[in-house]
Amino acid sequence: MKISIIGAGSSYTPELIEKLAEIKERLPVTKISLMDIDSKRLEAVSGFCKRYAKKLDLQVKLESTTDLDKAVSGSSFICPQIRVGGNICRINDEKIPLSMGLIGQETTGPGGFMKALRTIPAMMEIADSMKKNAPDAWMINYTNPTGIISQVLHDYTDIKCAALCSGGIRPAWIVSEVLGVNAKDVKYDIFGLNHLNYAYNITIKGRSLTKHELNKVASDVDTVSAELSVKLGVILSGYLQYYYHRNTVLKKLQKEKKSRGEVVLEMEKEIFKDFNNPEFADKPPSLKKRGGGGYSTVATDVMTAIYNNNDTWHVVNVPNNGVFKFLPDNAVVETAVLINSSGIKPVTAEPPPKAVWGLISMVKNYEMLTAEAAVTGDYDTALMALTHHPLVGDYDVAKKLFDKMLEANKDYLPLFFKK
Amino acid sequence: MKISIIGAGSSYTPELIEKLAEIKERLPVTKISLMDIDSKRLEAVSGFCKRYAKKLDLQVKLESTTDLDKAVSGSSFICPQIRVGGNICRINDEKIPLSMGLIGQETTGPGGFMKALRTIPAMMEIADSMKKNAPDAWMINYTNPTGIISQVLHDYTDIKCAALCSGGIRPAWIVSEVLGVNAKDVKYDIFGLNHLNYAYNITIKGRSLTKHELNKVASDVDTVSAELSVKLGVILSGYLQYYYHRNTVLKKLQKEKKSRGEVVLEMEKEIFKDFNNPEFADKPPSLKKRGGGGYSTVATDVMTAIYNNNDTWHVVNVPNNGVFKFLPDNAVVETAVLINSSGIKPVTAEPPPKAVWGLISMVKNYEMLTAEAAVTGDYDTALMALTHHPLVGDYDVAKKLFDKMLEANKDYLPLFFKK
Amino acid sequence: MKISIIGAGSSYTPELIEKLAEIKERLPVTKISLMDIDSKRLEAVSGFCKRYAKKLDLQVKLESTTDLDKAVSGSSFICPQIRVGGNICRINDEKIPLSMGLIGQETTGPGGFMKALRTIPAMMEIADSMKKNAPDAWMINYTNPTGIISQVLHDYTDIKCAALCSGGIRPAWIVSEVLGVNAKDVKYDIFGLNHLNYAYNITIKGRSLTKHELNKVASDVDTVSAELSVKLGVILSGYLQYYYHRNTVLKKLQKEKKSRGEVVLEMEKEIFKDFNNPEFADKPPSLKKRGGGGYSTVATDVMTAIYNNNDTWHVVNVPNNGVFKFLPDNAVVETAVLINSSGIKPVTAEPPPKAVWGLISMVKNYEMLTAEAAVTGDYDTALMALTHHPLVGDYDVAKKLFDKMLEANKDYLPLFFKK
Amino acid sequence: MKISIIGAGSSYTPELIEKLAEIKERLPVTKISLMDIDSKRLEAVSGFCKRYAKKLDLQVKLESTTDLDKAVSGSSFICPQIRVGGNICRINDEKIPLSMGLIGQETTGPGGFMKALRTIPAMMEIADSMKKNAPDAWMINYTNPTGIISQVLHDYTDIKCAALCSGGIRPAWIVSEVLGVNAKDVKYDIFGLNHLNYAYNITIKGRSLTKHELNKVASDVDTVSAELSVKLGVILSGYLQYYYHRNTVLKKLQKEKKSRGEVVLEMEKEIFKDFNNPEFADKPPSLKKRGGGGYSTVATDVMTAIYNNNDTWHVVNVPNNGVFKFLPDNAVVETAVLINSSGIKPVTAEPPPKAVWGLISMVKNYEMLTAEAAVTGDYDTALMALTHHPLVGDYDVAKKLFDKMLEANKDYLPLFFKK
């Protein structure tokens, strides 16, 4: 069984290797194809991964290639973790909005909007390659913004795609940690979009969380108000800070000397130095600082459930298909699903908290416009997306911002600059 | 046939008298009850109205009363035009938000939120009186915020209610004026909420408006960008300036020396001086400055269609009932309807412009929370409403703002201050 | 303004001429094109119509042609009233099912199923001609089965189409007649399909019908049980006898010596003899026996409303578009609409009687399958349609019946017999 | 952990004991309460069950009682398997319709209609007892008609209820048997109602069944046409013979000397003779002839998944909740679900075969009317249910039939005979 990692030059790759070693009994991978268009980064990562796999006793063939079709061919799972334009572009995504008094936010904000426009054409290429070279394979995507990307993949292709984020399963992890219960015993309805979700109707082995327990759990999420969580009766995604505390967050960001992209850029320099050091066969300390967010756990959970046909409750980004009535059937939402070999299907849910469906609708509307704009390269559709993003919400501002960002991303947006 | 005007001490009352005189053949009113709790204003207005009716040759019995039940009894149409707390409160509605860097806006903004909380209990009293004293009568409401008020009336009472605003029919008037066609021949789908609507799919006697014509028409609306109108393919409500040009509008408001409420307050002093002048039997010049927005035309059009059982296309605030799939069935929307004696029914519509359903959902969610809060007096529901208003959109800000506004409106919100 | 009548060799044509004369002030037709592929019938009818128009003082150019494109060109309204295969085929439609112990029923039964398969290809030709020769024209269809035909026209073409039947407005006529009120003052919600509808929520100038009045009205419909009407709280389409009293009806049909088609065939012989008699310039008595069902009234009401842009409540077959939630949006239903120049739009309705949505769903499912089968010529789709028709409801029976009927209609179903 | 069996005097009880012995590791039951109102049957069954449990080495306390509250108290799972009126009533259910030329069918036919009316009041008593004595317990219902019964339980109570039938999981068993694959690896979407379902979109470990395989599998179901199965692309419930082959089935039933109820009645005499024989500690041969339909497997699968919080794909009767758009949200359907400790939730499904949604809607409409009639005792609602049942479909027939059946069931329908 072959897995391919697209964008394997990412510093996240070793984390996935580590996880695959850990669960090799349940997911008997025999070949891993590491693919990247940046051969230098790829060389560094694959060199390290080979040493690391050996150390972890993961007996698997590690192939390194810059040829997408070669990587995809014969794979059961294709895992893209690409970053078009690299961290340089990310820094623009964060700083251009900030220069206009807006939060950039590289996934759910205007920064994520630009990232989507850059990334989606590359994802479409991967989907095309899958159609030709591995039509029965699953894409296990954790490239961001995963919600908008999977919107495109579901609307414009027919590949099988699991669009993941640890943010969906995190409420279970938090409850588990704070209340000392088994994470598997924590279930909930979850409503919203990637990096913008609300877990509600939370149960532990079938019994509802008490208000006191919810308060305890909510207090553990330090980016959003626990008081607000309790009022809504939910666990909030940490990313909701950009909506519910936008003024405070904006002031904080305006004070920071370096954007998150700039910090990561420096971090990565150190990490790659370590990767290139042939003496390192174990995870270097520089990598530990980077953090991984649990992506590898989620990705391998999903692959394992599909591979072994194990019925598994999970949280994935999937087309809504009627679960939330005020969203179109094809709107990709982050919600609870049943996974097994036959695919990923949302399970029905209680109605979401009465205060939040409107916000989610507004962001989803923005996401669907962005998805369409990314595929068509239509200026007006993109502008309407940004205009209706709740963190922008002003036509004049959106237009000025979009024009600036277009200019800064000129090299990565051929569709928008075609004659 | 009797009509009662509740809040008849309003300076709008003479406009309605004028209109009733104009259409007396089609709407044979025999008695008008002018009711207000402010006997001084009522006396001034009813005094003037009697002289004015005579001058207009409107032979009708004009009754003046401070007793709601008396006014309502035996009426076919009850027309509330109340302003709880008067213009003093309106000034607060505008200025408190502005002091925190937010647009107040007395109908669609946080100002309208407070107006709704103050006004709805009084509207419920009128509905109660109708149930007892005139169960078959129609309420013809043009008290603002009419959308939220009719949300409450539809959700919590079973009176017959037509919630009007000239903003719904204005696109026809504008097309008529700009293109020199008959307003009756202009039809459209219209999507949105009161003071927040989009007219689209516009036709003149069945043929679609050209892009050139749309541009010409849109250029005539000076508060919102014609360019944006054309990109969306719609005529925008002028109130959408608060959403699409919020930064510019905010700056303008911050520069103004007097809020609109303060201007109106002064204007009204002059008007009432004129009303009290027994020599005036015709509309005083002071009143002409006040403007009426075409309310009386819309109100009498609707009453005439109901009274005569004339099938009539119109735009009214009504429960959605499936016309727009992403809104709840009971969500009151401002949309195209068929009116006749059997009632007011929305007609189905083409899907609205793809860029705007999210914004409308978010505002409608806010409106429905506000409606519930106004009836229950629940602090948290009200706070969640304000938090999710797109012009606020921040929990910390919403809380601070709500607490300030509650304090300023203490005398008008018994439900929120009950033990 | 030109109107064309397709299938003008029908004995219904004079009735339409008569009506057009009656309303010539409101619908100023200058040219009527009479088109038929049967030149002999056409000659007879057009000869008579010229004499008749003269007598009625209808000053209009009457053109007679066998060329579809010529008839359609320049028309504002195209009125098809075709009968593919003529009354001979109708007799088969009635008698083949009866020979197997089933009600044939030429519109809502298995007979109507075969009529749909024969008729739809011809209707598609008319639609094609309209697209080429009169793209802005309206088709005013009263060819049966009008529900299935308009399902096809809405699903497979984009012509403007009003699919009419007097059955939709008949409840108003009956209430008017029985209770002595103005038909225009009778309004209702109406749910169902052509020849299979339920009028409910009936009002006279806004006030509800009493149970006593309903009983009186229902007793006037002699084909269906008044007791059942009252239990359901509706006025039932007379065609519902085939569902609610099927055993009695079947026995009655089995006893009749001649089928309705055979009776009509004989009647028409006499009528055409009269048409061909140059001395007749007025409606011959033979024609009066034929009956017309009020089609011409409905057709001209609709044309007048469109032509003059008069807002008019009516009942037409239109895509459901969300009015009845348990039917697909594109499912054509017979329901209340608003008509004016901008088109025909269903108005929303109260939920239908709780006992009948399932039956309507089952018949609509059959209709949609029949529509698809008629366009594609797919044997299995047609067989599944007939199998799931509630008056058949048996796979073995459906198969035997369909094979017999296919054989009998071989000359009219090229799509089903293509290699 | 305690389980109670209500109606334990049924000959099915030993099968459940046997299964509980088999899975005792996974479902550690410590006490089983056998409850019945018929103390004689209860004595026979519980006597045998004690001997049988001992033989199977199931170390559990077996309590025997005629007191419902006592049985329910402290139970984790309550398993009703009641038959109100016994087999005598069943014989009426089958024979009265047959005497009028209709299929009786004790679950999906008019027979099932009467069984529902008799059974539902008793089920409501059990639900009441659960509310008082075991509010957190699950009802595991396999009393028929389980679809209508669970419709009532979901609409009128808030107990937790799993309404089961082996018919939902049977397609997996058949595919497993015919194609030699693991039943757990067979997944599908399933649409319909209890004893009236269609399994489609069938996969084996994620790959679709070929047409050839489907044909092979369908040929194994001997009650319905394999040809029809293949045309629809589904595995049909065997009970669909009453719809798709109703004429053949009717003739067959009319020829049979004894109804199924009469056969069972005789069989049971023999079985109870064996139960009462203290020498039998193993399943007597008479019992083997009775058949059990796999109920015990399904019941224990579900209890195990809930008890152990094991995510499990299954097929259960649950409120639709948006999965099938043309059915109301509260309509109970038999469909694929995810079960774990937090409950039973339908998973979303591909649209069902295009030919069958209408039939299911019609039967569901009948079921919902029957549910309401059973709870209210309203004659008209019951009559409308029977009138719209596709196997009746005639008002005159329904009325005659209902009156006969009411008379025959007088002793069991107090709600219908109350003054």
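Going by the order they are written in, the chains are A, B, C and D; count residues from 1 in each one.
Criterion: a contact is a pair of C-beta atoms (placed from the backbone, for glycine too) under 8 Å apart; a residue touches a chain by one contact, two chains touch by 3 or more.
The structure presented is a predicted model; accordingly, all values stated were derived computationally and were not measured.
Q: Which chains does chain B share as contact partners with chain C?
A: none
Q: Could you work out how far the Cα centre of chain C sits from that of chain D, in whole Å?
A: Result: the chain centres lie 45 Å from each other.
Q: Any idea how many Å lie between the Cα centroids of chain A and chain C?
A: 56
Q: Please output the residue numbers of chain D that touch at least 2 other chains, ranges allowed.
A: 325
Q: So what shape is it, when you link every pair of chains that touch: line, ring, star, complete or other?
A: Per interface graph, the chains form a ring.
Q: Within their complex, state which residues of chain D touch chain A.
A: My answer: residues 136, 184-185, 187-188, 203, 205-207, 306, 309, 311-313, 321-323, 325, 337-338, 340-343, 345-349.
Q: Where on chain B does chain A make contact in their complex?
A: Chain B residues touching chain A: 225, 228, 231-232, 243-248, 325-328, 354-359, 361-366, 368-369, 380, 383-385, 387-388, 390, 393-397.
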